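When the chains are written out, they are named A, B, C and D in that same order, and each has its own residue count from 1.
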Amino acid sequence: MRLLVANRGEIALRIFRACRDLGIETVAVFSDADRTAPHVAAADYAVRLGPAPAAESYLSVPALLAAAARTGATLVHPGYGFLAENAAFARACVGAGLTFVGPAPEAIEAMGSKIESRRRMRAAGVPIVPGMAAPAREASEIVAFGRTAGYPLLLKASAGGGGKGMRRVEDESEVAAAFARTTSEAKLYFGDGAVYAEKLIDRPRHIEVQILGDQRGNIISVGERECSVQRRHQKVIEECPSPAVSPELRSRLCDAAVAAARAVSYTSCGTVEFLLAPDGAFHFLEMNTRLQVEHPVTEQVWGVDLVTEMIRVAMGESLSVRAEDLTPRGHAIECRIYAEDPRRGFAPSPGTIVSLRLPAGPGVRNDVGIESGSVVTIDYDPMLGKLIVHGVDRPQALARLARALSEYEIAGVDTTLPLFRRLVADPEFVSGTIDVHWLDRRLQPGFLDPPPLSREEVLLAAVTLSDSPASRETGRPPAPASRWADAARRESLRGPS
Amino acid sequence: MRLLVANRGEIALRIFRACRDLGIETVAVFSDADRTAPHVAAADYAVRLGPAPAAESYLSVPALLAAAARTGATLVHPGYGFLAENAAFARACVGAGLTFVGPAPEAIEAMGSKIESRRRMRAAGVPIVPGMAAPAREASEIVAFGRTAGYPLLLKASAGGGGKGMRRVEDESEVAAAFARTTSEAKLYFGDGAVYAEKLIDRPRHIEVQILGDQRGNIISVGERECSVQRRHQKVIEECPSPAVSPELRSRLCDAAVAAARAVSYTSCGTVEFLLAPDGAFHFLEMNTRLQVEHPVTEQVWGVDLVTEMIRVAMGESLSVRAEDLTPRGHAIECRIYAEDPRRGFAPSPGTIVSLRLPAGPGVRNDVGIESGSVVTIDYDPMLGKLIVHGVDRPQALARLARALSEYEIAGVDTTLPLFRRLVADPEFVSGTIDVHWLDRRLQPGFLDPPPLSREEVLLAAVTLSDSPASRETGRPPAPASRWADAARRESLRGPS
Amino acid sequence: MKALAVYVLRERDGAPQEIHIESGISGLVASYAGIVERFEAAALPDGRVSLLFEDGRQFCGRARPAATFGIEMWHASGRRPVRIADPLRDRIAHAAEEVGSPDEEEEFRALMPGRVIEIKVAEGDRVEAGQLLLVIEAMKMHNEIRCDRPGVVASVEVSTGQLLEGGALLVIVRPGSDGSSPGSSP
Amino acid sequence: MKALAVYVLRERDGAPQEIHIESGISGLVASYAGIVERFEAAALPDGRVSLLFEDGRQFCGRARPAATFGIEMWHASGRRPVRIADPLRDRIAHAAEEVGSPDEEEEFRALMPGRVIEIKVAEGDRVEAGQLLLVIEAMKMHNEIRCDRPGVVASVEVSTGQLLEGGALLVIVRPGSDGSSPGSSP
């Protein structure tokens, strides 16, 4: 048996490892930018898809189907991102006689539309944020909804996701302009201009429940994850369990998540996301019909291999675990390590990894997609990998996170590691009293400034220069500082993109 | 607070990680061979002990006490090996006002003598192998014991351990010569010629129980480990739990181990070793009064950090866990990776690690003492590190072990990795029906011979040569094959040493 | 004792400080900020350096000279750049800064490798503060480079679609809202 | 197509086999054991090589030429040495082996770096099969080097306490139980 992963980077390697554990051969696909990437070197088979741009390679359905045919792959796993929540790709795989390792296309479609998924959730009795039941045809419908529900509102593109296509509206005077802009953005980004309004939940937590279903009607939940540490709606740190969820609340969240999955007859690994309001009420946000980036924290705490389960149920097997046999142990935390410079507004930092030292020892799991010498290009998502730590409780997990971060070294590109080193010592993060906007508030100028140089740092620098007279003589004279300070200042003028 | 580790390699790094998790500063010690070793680079403080030979560095009590004094360390952890079971060192630490992270010197002494420990165990009701209660003054005493207990017998040096100083005796005619040789060896190796006889348990398993005690009288067991895969009495692979231990047997083993520890008022991390006979009877073998090499398999399955517990109880704290709160999860396996060539009779293979790739992903833990570029010298124990895998059950743990071994690469020195790659696919090992002599029987000539070269291997070799004309031209002509074949043949004539 | 090297280090906004490194009887001696430190340095096989001080403190990190600003450093607390220059260079840099007045031409440079997606201005164009000059793609992000004060575009140094190295010169703007005639720059 | 190289490979006890590697239109072409394989090879940043075959199979490993026996190789199944020689060298090696008769002198070499602990024989000593020649320490083990057939010690090339590199010549023994007079070796 052979499984093709229609993806790259750490998630391709993660799925290949599950295949090895199951005795399934692996097929990698690659673009011209990735011929020497780790996921290719780890596979039993590998097929070139096309040039570097994703549209011509990792998003090319014909190239992917041809690669499966050429290598005799019978299973296709989409990973996350790229074609992972694309119902047409799932249908194309099935049409080509392949087993798609994911939910049925109908479930992807139902949950892919915000309006349709809200309609189904309402019918299934899953609590949803008060909102319009259909897209607004004109701004006046939003004004009418706002008078009923109260401000602030959140305008949302029905086809949106991942924090894109949303706009906060403070009062009635902003509605017309906000509606026009959100509609045109929704058309531009998602090809669908449908926009509706919801009541905005202020300072919520993002809590999500892991779901596993099989083709025999079994659907179970595998606990919740806390994903409130976000930067501009992008998850940065995830934990399992949530410090804010009591056993009683967990039970209600999991029941609602199973009801949500049951409403679309879910048959794979998936995640139901909720907003948890400060008053303890929770509301369905969306369901991700795929493997989640942050799935490892659930695996560490609940002792379940989500990827092997996902592959097994795709092949028609029953879930190997029952809900009543699962008990959580300890606490896990994941950091997403990106090739971005958190000290320069998270600007992308492509380049060559000149040295890579991964942490090790008890409670440390590395899921990374790079090696020493890897080139981080500008073509794809800049996530390099994930650091996952596990401890007997949250304090030990935090201590192990600090320890693992002190061992971690990536040289050659800037990464988000300095952000995590700062956050793991932050009293508010450590106390767990956060919400989805907390990090954006916390990231004020100077938050990540390094402390003054220590004596050790000064001497290391001086020893390095003493030891390398050649590099000193060939180095160009330093550019006047003002230029670079100016550039950094200009950088901060950039709008979000 | 500052803790000095009187050790090197992976165990020094393991203990430093526990210190970081506890917020304790770390002090490394090093010989001249280890100035650039990973354990030194990982420490907050580091002190040179002396020249490379262990007697002048890691075994030098005055140098170790001076290092503690110079750096203000108040805690000393001996690791395993070197001074770990040396009561005089423990006393010297206490005498210098330091906290010794280990049991009381009296417990070390009581368990360090085979005769004394057997006497105490008999008194505590712990089952022991039928044997003489005192050392034999002359061979005739052994003959008399043999007539009562029946042959075969095992002669043992009272001060021995680690598989040294033991001799099998098949019948009465062998007693006199065996007694003379064992006595002289015991004098030579352990400085104590006391020898006694036990009934030999044929084809036993080696099962050991993890013990944790504190200074308030709490003593708990943390499950058992299976350590029957041994080469010449040296452990090679360890597992938790044992495939041969039922819950009922586990309960009896653990009760006996706690009784053994209680008999010496044990106040630290320790291990009670048993021989499990094919008929299900078990017998006390010895107690190791220290942290065990294979402690990580227990940590993975039982969710307890044994090293942080060990440090905490040394500082007078109570155990942080209670026996009734502990439940095992899944199955863990450890492989000890040595710089030895299993295809040449496990000959030592010192040299430089020219490349090191560690496995990663779910269920993989690396505890290693080397890095790429490290030099493996002839001065110390050749263990490079340990690979620990964890899965929901033994089949998944074995699958993950095979996967991790396929990712593992150490180039530059020969290692025992090829042995593990062979064993993980061995039907007898997979079935778990083994005993302490199983591997010695299995290691027949040809067992580790690689399969014929694959097409891929042939082409990789040819491509490498095509690609490196320079190295081809500067390479010396190959030595005639017969020389090396002869050398390898001679190698197999070496006696055990 | 023999002097090995003298460097001047500056932290952001900090005053320059001299470091003297000399070889001593058993290791190195550094004088810095009025303190004398004796220590020993060893190169590790993986390229890091381990410093060992007289009181036993150990510090390990990786550092390499960077072409434009001194030293780039990695250790347990993460990466940090350290600006180090020799005294002569430092004086030159200071002088340049003092000359840098509001009337000086402003260079816009790429902060990271990328590709030019769109150029919104041409040589001679009058530009306002906040006006979009050009768009660069790096990874999947479009980065807008905007002017931060009014002026006239003195030159455009790149073309659409061009691949850029980090630090590449993009556009030069001559400040001032009066707008002296284009093309007359020296 | 242009021939790049021809090698002769021998497995232990196997017959020599020729490999031809040529550059083809899109990659490499190898002829070996009657099979023609088309494939492409890429060097990875960490020094490994990835081979990609026409049917999609991928194989990744590290290999480096070894001075004494051809190629040393690491991949997912572990390390293995591969004896590769060019045809000329191979013929020489064969010739040498055929000459190697039971009457030939036998060289005893260190198989690993270590230290000479004890030398039990001297030049001219008559030795029996199994007799201890010398003891070498490597790591913490004492390794006894013993004679495997009777003869006379022609020379001792090391001294007690000497540090050894792997492959160092230790002792030469001239075979035969008759024992021709010592010192008459050429």
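The rule we apply is simple: a contact is a pair of C-beta atoms (placed from the backbone, for glycine too) under 8 Å apart; a residue touches a chain by one contact, two chains touch by 3 or more.
If you're wondering where the values come from, they're calculated on a predicted model, not measured in any experiment.
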When B-D and A-D are ranked by contacting C-beta pairs, first place goes to B-D
Taking each chain's centre as the mean of its CA atoms, the one lying farthest from the centre of subunit A is chain D
Subunit A to subunit D, mean C-alpha position gap in Å, rounds to 52
Per the C-alpha means, the centres of subunit B and subunit D lie apart by a whole-Å value of 33
Chain-centre distance (mean CA atoms) for subunit A and subunit B, in whole Å, is 42
Subunit A touches at least 2 other chains through residues 42, 406-407
Expected list for subunit C, residues touching two or more other chains, is 43, 46, 57
Residue positions on subunit A within touch of subunit D in the complex are 27-28, 35-36, 40-47, 67, 70-71, 352, 371-375
As the complex stands, subunit A meets subunit B at residues 13-14, 17-18, 20-23, 42, 296, 299, 303-305, 307, 329-330, 358, 360-368, 391-392, 396, 399-400, 402-403, 406-407
Interface with subunit B, subunit D side, in the complex: residues 4-5, 7, 9, 11, 14, 19, 21, 28, 30, 32, 35, 37, 39, 41, 43, 46-47, 49, 51, 57, 59, 61-80, 82-85, 89, 92-93, 96-97, 100, 106-109, 111-115, 130, 137-146, 148, 166
The subunit B residues in contact with subunit D across the complex are 339, 344, 347-351, 355, 357, 377-382, 406-407, 409, 411, 414-415, 417-418, 421, 450, 452-453, 455-468, 471-472, 475-484, 486-491, 493-495, 497
Within the complex, subunit A is touched by subunit D residues 42-46, 48, 50, 52, 55-58, 60
